[in-house]
Structure formats: C-alpha cells, structure tokens
C-alpha cells in the first residue's frame, strides 16, 4: 500500500473530493496547511505598515491506497486540482506498511 | 523505527493519550483533521436551504516508536479509541528512517 | 528522495523558514499541531478550578528533499530551531517514493 | 462650559431670565410662568428627540453587527467598512441636500430644491409661538438624519459579499442625498402622499420599503454570490459569527424604541406621552411576537430552531409595527408582529427559490414586512386605498431610480462586482487589505 | 406623524390646549399653569420611565453576550436562542397574565387573578388627580416587563450547555406568567411583604433571588454537564469568547442604571431627582468596588487576575446594591459592593465544590449576593426581621414551584437534558442545526 | 419603591407638596407655579445629566471593544481586564479624592485638597436659589466620574500587549485621583486656565490630551512591542478581531453624544436645549467627516480602504470637535472633523516611523487631534493665545507627572514590562491565566 499526500489549492477541495469518490475511493483525511513555494505570498498594508504574508493557504489530502491504484489516483487528483497556475501543489507518495481499522481490527487492504 | 498515524474521534483523544502514556510513550504530536469515509457527514438546514457537511472532525495522532513497540501501541490505540461505531478511524504504519532531537542532536531511538 | 517532518516551537518558524530558504529550499508545507512530550504542558485556573493544558502548541514543517540534501537540511533546521530548552522538537525522516507536480505532471526531483 | 453654569448660569440661562423679566414687566406675573413652561417644555422635547435620535444612530451598530455576523469571515471587513462609511456619507449628504429637500416644502410631488438645514429657532421666536414650536430645529435634523442611514443600511446587507465597496458608497451618496428625501417629502414633508391620508408613522414605507426597493434593484443588477445557485440547487453559506448577529438584532431592537417612540416628536403633554408609551409597548410586543412565531415555524418546518430566522422574525415584527405603533392596542400590535414573523420565514425561502440572493434577509424583513405593516394599518386607522397608493408610489420611485443609478454606476466604475477570484478569496483582502480575524482563518 | 406636529400641533397638543383654555375659563390664570405643569411633569416622568425601561431591555443583550461568552463554542447558538426567545416569551406572558396578577391587587398573599394590562390614563383623569398620577400606565408596564425577562435570563445561564431548548422555554412561560408575578405582587403589588416593611427597592429579591432560586431548582433536577465532576475532580470548561463576556457585563452595568435609577419611578421633583441621582452613583460605585475586590481576591488566591471573576464581581456589586440603592451614601454603597465582590468569588468556588454546575456563576451572583444585598439593607434602612422574612418567602415560593415545574416538564417532554451524544457534539447542531462560528471550529 | 409612589406619592412628592403649600401660604398663588417649575426643571436637568453620564459610562465598553479588537488574540484578556478594572479604579479614586480636588476651589493653580464629594442639594436650598441650582450634585458627580475613566482608557490602548497589569492599575490610581483632577481644576474647577479664557467645552484638552500625554510618557518608558521595529523595518501586528473594533468605535460614537451633549450641563431652557442640539449635530457631523476623509486618504495612499484608519478617523473627528461643539455651525464642524480625519492618518504613520509603538493609535487620535481641536476653537470663538497656553500647560503637567509616576512604578514593581517570554506567548496566560478564545487558537 501507499500513502498519497496531496497539497492542493483550497477551492479545489470539493472537485478533488468528488473526482476521487467517482474513482472509487471511500475514505480520505483532509487538513488545512500553509504552503511556501514558487507561488509567492502577498504583501498587505495594515495601518500604513507593509507586511508580507509568505504562506498561502493550502489543503492537504491524505489517502491510503493499494499499490495498484496509485497511478490512477495521482492522475485523478491532477486532473481535478490543476488550474495550470503556479501554486497548484504537489503530490507525495510514501510507502505504507500497514493499515488497521480501529473499529474491527481488520488489517491491510481490507482496512481501507 | 516506525511512524504510527492514527485517525480517531475527537472525544477519544484524552483516553488514547492516557492509554499511550500508561503504555510508556513519552511523546506524540496531535492535529485536527477532517475525515471523509464510510461514516457519512450530516445534512444541516441554514435559513431553509439544506447543506451537507461531508467531513467529520477527527484527530490525527502521530507517534514515532521503535519497531518492537508497534504492535503494542496499535493494540493500545485500538483499545482506547474503539467505540464499535462506524467512523472510529484508522491506524497507518509508515517506515521511519531517522529521528533527530532538535535540542541535543541525538539520533535514532535515543531521540524518541 | 526523503520527506523531512520537523516539529518546532512556533516562534521559531520564521527563523527556520529563512534558514531553509537561504539553504536553497524553494518549498515547504507548514501546519499547526499540538505536541505532547517531555516538555510538560501547564496548569491553569479557570474560575478557581485547575485545569491542565497537556499539549503545547507546535509547528510542523514538511519538506521533500533529494536524498543528498537530507543531512544538510537537518543541520539547518536544528541550527535555527534550537533554543537548548526542552520541547525544541524533533525531526523525522521518512522515505519518499515519488513526487508529482500538480500543474505540470513533472515527477521526481524535478517536481520539487 | 462645565464650570460656568455651575457658578453663574449661562448665556442661555441669562437670556431666559431676561425674557422672563421682560415678560414680567410687560404683562403680569402669570406670563412669567407661561414663558417658563414653554421653555421647559422645549427643553424636554428637544432632549427627548435627541435621545431618540441617539437610539436610532445606535441602530447603525445593530446593522453593522447583524451583517458582520451573517456573512462569511472573508467578507466581514468590507461589510464593516460599508456600514460605518454609509452612515457617515448619509449624514453628510443629508446635511448638505437631503434634509432641506425633504422638509423644505414643495408642490406636492416635486420638492423645492434647496440646501443645508436652515437656522435654529431663537428663544424669542419660540416664546412668540406660544407653545407651537416645541423642539429645537437641529434636534429634529439629528433625529431625521439617523433615519436615512437606516434606509441605506438595509441595502448593504442585501448586496453583501460581492459588491465593490466604492460602487456601493457611490450609490449611498445618491440614495441619501436625493432618492430617499424626495419620497420622504411626499409623506413627512407634507407632499401628496400625506395629503392623501397615507399613514406611515415611523417609516415602514418611507424608510424600510425604500431601503428594500433600492436593495432589490441592486440585487437584480448584481446577481447572486458565485456558487449560491448551482445545478438548480441552493447552497447555504452559513454566517460566520452568530453572536454578532444576535447582538446586532438586540441593538436594533433597543434602537427601535427611538425610531418609533421618537417619531411622535413630542412627549411633553399627557396625550403625547401616552402615545410615546404606546409606541414603546407595541414596538416591543411586535418584536417579541415576531421572534416567537418565526422560531416556532422554523422548528415545525425545518425541525430545527433556526436562530437566524428568529432574529429576522423579531426584525420583521419591528418593521411591520413601524407603520403605526400608536394606534393599535398592545394585543393587536402583538398580532401584527406574530404574522410578520411567519411571513418573513416564508418570504426568505421564497426569495431564495427565486434566486434573489440576499445574505441577510433584508428584502424579506424590510420589503415584504414593510409592505405588510403598511397594509395592516387599516386594522386600526387609515384607509386601504391610501396605504396601497403609498406602497406603490414609494416602491416604484425608489426601485426605478435605484435601478438607473446602479446601472450608471456599473458603467461608470467598470462593473459593480468584484472579480470572481477576489470573490473566491474574499473581498476583505481585495478591497480593504485586511482580514477580520487574521489569527483564526487559514491565511496568517 | 413626523410632519404634522411640526406644522400644526397634534391632537395631544390640542387636547392640552383645550384643557388649559377650559381651566382658564373656569377659574383664574393660575390654573392654567397648574395644568401645564402636571402635563409637563407627566411627560417628563413617562419619558424617564421609558428610557429606564429601554436600558433594562438592553440588559437582555447583556445576559445574552455574557452567557454566549462563557459557554463552549459548540453550545453558543442555543444560548443565544434561549436568551432572545425567553425575553420574547416573557414579554408576551407578562402582557397576557403577569402584569395584572402582579399589580391587580389581592388579598395580601393571593393576588387577584385578572388579565391584560388595563387602560391608559386619560388626560382628564391625570389632571383631575392633580399630580398624583405622574406617568403613563403603559410606560409603567413597559418598565416592569423588562424586569421579568431579567429574572428568566438568570436561569438560562445556570442551566446552559445541557438543557433542551424547548423545555427551557416551557419553563419560561410559567415563571414569567405566574411564579414571578405572584411573589412580585407580595412586595411591589402591595402584598404582605410590602405591608411587613420588607425593603427591596429594585429587586435584589423580587428579581434576582427569584431567578437564582428557579435556577437552583433547575440545576438540581438537571445535574451537571457531562465530565464536569469526574473522579472527584472539578474539570474547567473555559468560556469560548471572553470579549463577549466583558461586553455583556458592561451592557448589564449600563442597563442597571435603568434598573435601579428607574425604580424610583419618578424624577420630576427635587427629592425624586436626588434619589435617582443617588441610585446612579451608588449603583456605579457598588459595581466598581465589586469588580476590584473580586479581581484582587482572585489574584491573591489563584495568583492570576481572573477576568471572569472580576466580571462576576461587578455583577455581584450590582445585585447587592439593588435592594436599596437610594438610602446608603456612596461610601456605604461602595462598601456593600466590595463585600459582594469578595463573597461572589468564595461562593462560586463553594458552589462548584458542592457539584452544583453553574457555567456562568448565576447562583452566586444573583442568589447569594441577592440575599446579601437584602440583608445589608438594615445598615441604612428597614429591619432585619422584615428582610429575612422576605428572603425566606421569596426563596421558598420560587424554589418549590420551580422544582415542581421542572419535574412536570421533565416528565411531559421526556427529559430536560439533551442526549449524551448531543451534549458531546454540542447542543447547537442538535437543537438549532447551526454553528456559532462555523468557519473557526473543526466542523466545516 | 415601585409600588408606593403609584399608590400614595413618595416622601419626595410629599416634601415638594409641603414646600408648595408653604410657598402658597407665604406669598401668592404665583409662587406655587414658580416652585413647581424650579422643581420640574431640576428633575429634567438631573435626568438629562444622568442619561448623559450613562452614555459616557458606555464609552468604557467602547474603549474595551476597540482595544480588544486591535490587539493580537494572545493579549486580549489582559486588555479586557485593564479596561474594566481601570474604570472601576477611576470611579473609586475620583469618589475618594478626585472630584473634590477638581471642584473644591483653590488658588487658581493649586486646588484646595479635600476629600469625598460633599452633600446633595436639599429641596429647600434649590428653591431658595430660585433657579440657579439646576441639577443634583450627585448627578454632576456621576457625569464627571465617567470622564476620568475616559482619560485612563486612552492610556490602556497605547501601552497594550506588553505592560504588566498591576503596574498599569497602579498608574490608574494616581492619574484618576490626582493628575487628572488637578489639571481639570485649572479649567473646569475655575482655575487659572478658565480665568485666562481657555476654551475646552467637553474635554479635548482636559480629558483627551491628558490621556494621550500620560500614554506618551508610558510608551517612552515602556518601549515598543518586541519585534515591532526590527532591522529598521516596521512590522505590522494586525488586530485580531475587527468586528469588535468597529463595534467599539460605534459605541464610542453614541457615547460621545453624552460626552459633548451633556457638557452643556443643562437642557431646561431654550438656549441650553439649542446648544445641546447643536452639540449633537456637530459631534455627529465631525465624526462622519473624519471617517470619510480617513477612508479616502487610506484608499489613495495605500490603495486599500483601511477600516482601522476609518475608525480612527471617526474618533479623530470626535476628539477634535470636543473642544467646542456648540459654537461652530454644522458645516464648520464637519470641516473640523474632515481635517482631523486626514491628520490622524498622517499622524499614525509618522508616530510609527518615530518608533513610538501605539497599537491602537491613541496618541494620534487623542493627542494630536485633541491639540488640533483646541487650536481650531478660535475659528468660532476664543483666542489663539489662550488655547495655546491651555495645550502647553495641560500637556506639560500631565506628561511630566506621568513620566515620574511611570518611573517610580517601574522601580517599585521591578519593571513595567512582562518578560520577553511572557510577551511572546501572550500576556493573557501570564497575567490572567486565561485565553480569550481558547477553542480557536493553538493552545487548547
């Protein structure tokens, strides 16, 4: 199994979620993160003093999948999250050794 | 070493934390996430318009442990987090190559 | 490639970010987490009743890097985040199998 | 001035004394008492009007909090800015143009166009009038100026979360300087609606329907918030801070005692005092009833006690009773409020189904319930025909002139709406460069 | 009505003039002055009472904000809903039943049960009374109606975060329609407590102790919030929004000037005006002193300047001085407030130790300090025995009837509490289907 | 007291009647009317002063909300605590010392040092004065006491986010008990500034400049917030809750009607009523104009409509017009406000460049615009020289005595500042052990 971690733009969350469920995914975990990258933050003025907001709000999606689905899901995420603008995000793939379902204790792909 | 990532129901955090410390864990990292899974979200009404809350609030616990403790900790977490209801969560186990303690520079299991 | 996850004190974020960009990093992902460890939380009083805040606010930095940069970046992070006080945090290194840039589809180190 | 009076008496006191002495010398001792009573009554009524005005001014805070609570957090700073700025703009425009247009007399339909606000009453003139001038001219201006801001506040809620700040303020100039004063003249300035017997004691029509008509024109030109009506489904955008919405409603409620209670304009006689007291009791009763029926209806309809509907219900009751809060007894007033509370819930749902996007329910509260309030007046006084004429004239005038103005501003400023991207990431950063809650939202 | 007076004079003015003319014809010039003075005094006292009432109504916003700030964010919408709804329910019930029960006379213990609020004073009747009727009947009703809502607001804080919304509102019907008016009759309606010489100027007993006794009964039947007392330890549930709590307290503080200052009921003579001024000064001094001593005590006791204790300290001072704010001098009033500020901190800790779960400290502030205020009255006026009798009678009556009512409602509605799961995830979603801060909490 | 009056008439009424009867027996029927009119006028002016005082007291909530909105969330509880505690401390100190120092007479420069507040006017004394004593002594005290709290509130904003709570409160003791009353005596107590012809109607100098001078001394001794000026760059620390800042400003705005409108001290004659009405209109106009010009300037300068600047602009207009709100006409008042709105933006930027760290802009709003307001008085009344003398004397006195006091407190309490670590993690946990929004920030 693999763990896919995708960093995307917040307003794409709904589309990505819909695309993934269409692709057969039944679960995922989402959190709010801040991204620093090529897409620069923005400058703001507060009472005449400039301040930089270096970080852009991003959404991180974590997704455990069987090995054979990795490529498909990466394609699905890219398809839904892509705006062709800088800052669209990244997808990381990490090895995942084991998954356990808390409720039942099932393990491996059955637990997904 | 392994990294255990457990997604649990928020109100179980205290119990899981207590169970883990009883089992000898000295550190962990916790964050708020939103989960999408078999446990469906809920429908709400706002001024007569229905809206879906697809995501359920969850807590993610990250825990670095020596290889030999993995099974024990998984059992401990399951024991404390289990409500036998859908949505209780999942435990992921990832390989962890190295740990460094920022303060001292210690490495490996000594850094835990 | 590796994924570096560093748990640091919140007020060190700016210094660590600056040190990492000086060291040539072009991207990272940051989130707010709560840490439990040797650095104990604090006791507070609310209307005469004591309550424990077990968790300390921490920042988690996630950083994907080519294998050869891992050691350098760990040193950089330690250098900037270290206050020599308990609770300075930990650095975790995980294997990273693949990175994909959402916008272009580039893979591997090119995607960083 | 704090110490002088204490020690000596002021110019004012001296003047009065002089007058009294003069009166005393000229006629007999009784004149003394008469002049003193006129003076005292003038003081009381002026103070009453000023306090009522301050309560109405306080309603600006109510609208500000209500709207800030009902929009999403990314659009809060702009709604705050719009509200404080529209109040300010309205005050200045009404000083320069509006008041004199509204109360400067005219031909019945067309007001006489003049400027500023005219001189204060002199003590001599007041005494000479023998009790017919009962309060300060400036106090009247102050009371009136707070009403025009109310009308404009109604608009800001309905067009929230998508309209450009400066386009909105440009419209505020015109509404408060011209559109409102002209229809205000028709009724309160003694124009043709007044002659006709149209009853609108404190402004269900002149103020609330006016605001709602201008808002409706704005909403039509502007369109809904992006994503609100997608694939034939209505998307909910829950308000970001409900305690502020509740606070705003309670501020409006207390301010309304000035709005309705002050509109008697005089409290210094038994009959006037009784009318003012009746206005307080009825205002309170209508609001309470509107809140309760809206809460009950939302419970039965949606199976949830929708706080935002209850708040709108209270406001609906307030708007409805405003047309005539002194004629019905407390039971009838409570009944009018109760019906308004039901009406507003149905209206909000219906207007949403019509894809008129009104984030705070302003069209329903001020428009629908304003009309209802005016048409309910014949239950206690006035005629059905006069009321209908008033509704039609006010609505038509305000709606059409507003529509034209919105279109002119749209062309002149290159669109009324912020760009879609700005709308997505929030108008606050785009227009004000600030976040309302910078430490609590994603972007820090 | 806005334009007519300006131009012509109103019916009211006409009536008065007519009266004056009549008076002038019938007797001598002096009669003219007398009638005018009665009329003017009636206007002033009515206005004073209405403004005082508006300030008391404003206290509803104070309780709403205070309680919304001191509960956890997942229970904020329900507490907002309870507060706005209880105010509304209380207004309607008091109009229908309460006022006439309280002020309709009776046998001393049993009031005469009648309905509604009776007719307004006519101008002729006021003149005929020659100065004995000094304000509008409806103004009195308005002033009184805001007090009953205060009593009920006290309850909502104590039972927060676990009671079902509709069970709470059912209780509000009974308290405001019957329980409160009956004990109110005993004192302010001229019943046996009044005859006995029991002193309760503005309601430390009639209002605050009443609210606290009803709350205590509710807390006993309801039990603590889940997890509050676990394994013999008290768990703190910090309030979610302290600025709102501070705002609420300051709103209550300013509203209290109406509560105490208005309870003189008359300001149009030198003695009355002095009493009202004394009430303002003493009210302010007691609140200030209570805040300071509570803050100091929390600093010495807990080593932290606990804001929530300081806020409760100010309210404690206010409640304590309410029993008699016109008799003590400013120094004594400040002293009474200071003691109340200490008392409330000790009381909150003690009540928590007794496992009576009161999220906002209502039992201590309104109950303990209400009793303290009543028993401190003999320092300046009244007797110890009469005060004790009053305390016992009010507490016993309200506590027992409330207990019965809570139990009846519990049976009738299948429990007073929300389910444990609903309590865990917050009553807001369960009861209102809304979140107070949807964008800032986990669930989006 | 609620029921007795209704049924019988009070001691007050009885006294008055007795007096009237006495008057009637002693002289002729006319005396009757005269005494009644004096009594009624006394009631009206007392009530007017008390309501004005309540509005000024309400400003405490305004400062509290404004400052709570403009600091970072980790320092909100302390700013709330400071504001409620300083108000309380000021009330107690002014009761014990301040009022009598300020209004007890003296040699022109040195006040006569005496304590407490002196006895109330008896009805007989008021009648004997024949109309020269027009309001209750305690009402005057109440009105005045709220002003000293305003002065101290100004300080709290400027030293926010880094000063120790108890050091701040120690300073509050001295400012409200001594520093403020002495310079207040110079003008309002009939001291040398008053003799000189210095005009300061409601306190641009006595209150606002005083607060700003004390704040400036504090800021100099204290230094900026850590990290504010780093490597020659100014770092922005955005306020955590802008709706609260807007609410605070609107509260101040409405409270200012009491501040300026009440400072006429009398409303019972035509001339006084006109002056009060003028004060309301001008106060409102200046605030509106200040808001608009500050908003426009920020738009042109920063390309963003900076809400916080607009709010400061409104306050700037209010402070500036406070020096003399009754002499200029509405247009001039609007103009004064407009200039103040521009001035305050420039001043905030300049003061920030000078590395004087003032989180809420208090130095600019109250200091710079206070001076501007005083120096603008000669446009309508007074002399340039007298105004300048007043500014210099007030500033010098307050600044030097404050500087000394801050230094004494610094030594006595081991530093004015919290430790750097406490500052980093927020003074709330360090000083109050509480978080303002515990569920929304990192630490739960």
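Labels for the chains are A, B, C, D, E and F, by order of writing; each one numbers its residues from 1.
Just so it is clear, a contact is a pair of C-beta atoms (placed from the backbone, for glycine too) under 8 Å apart; a residue touches a chain by one contact, two chains touch by 3 or more.
Here the structure is a predicted model, which means the values were calculated and not measured.
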Just tell me the minimum hop count from chain B to chain E, counting one hop per pair of touching chains.
1
To reach chain D from chain B by way of touching chains, what is the minimum number of steps?
1
Taking each chain's centre as the mean position of its Cα atoms, how many Å separate chain E from chain F?
29
Whole-Å separation of chain centres (CA-atom averages), chain B against chain C:
18
Could you tell me the distance, in whole angstrom, between the mean C-alpha positions of chain A and chain E?
54
At which residue positions does chain D touch at least two other chains?
30, 33, 37, 40, 44, 51, 238, 241, 247, 302-304, 306, 308, 433-434, 437, 440
Residues within chain A bordering two or more other chains:
31-32, 34, 44-46, 55, 94-95
Please give all chain pairs that are in touch with each other.
A-B, A-C, A-D, A-F, B-C, B-D, B-E, C-E, C-F, D-E, D-F, E-F
Per the contact definition, I'd like the list of chain E residues that touch chain C in the complex.
234-238, 301-304, 306, 308-309, 345, 348-349, 352, 361
Show which residues of chain C lie in contact with chain A when the two form their complex.
3, 17, 26-31, 62, 64, 94-103, 105, 111
Along chain C, where are the residues that touch chain F in the complex?
10-11, 32, 34, 42, 44-46, 53, 55-57
Counting only contacts in the complex, chain B reaches chain D at residues 44-51
Looking at the complex, which residues from chain E come into contact with chain D?
1-3, 5-7, 9-13, 15-17, 29-30, 32-33, 36-40, 42-44, 46-47, 50-51, 53-54, 57-58, 60-61, 64-65, 68-69, 76-77, 80-81, 83-85, 87-89, 91-92, 95, 116-117, 120-121, 123, 126-127, 135-139, 141-142, 145, 165-166, 241, 244, 247, 431-440
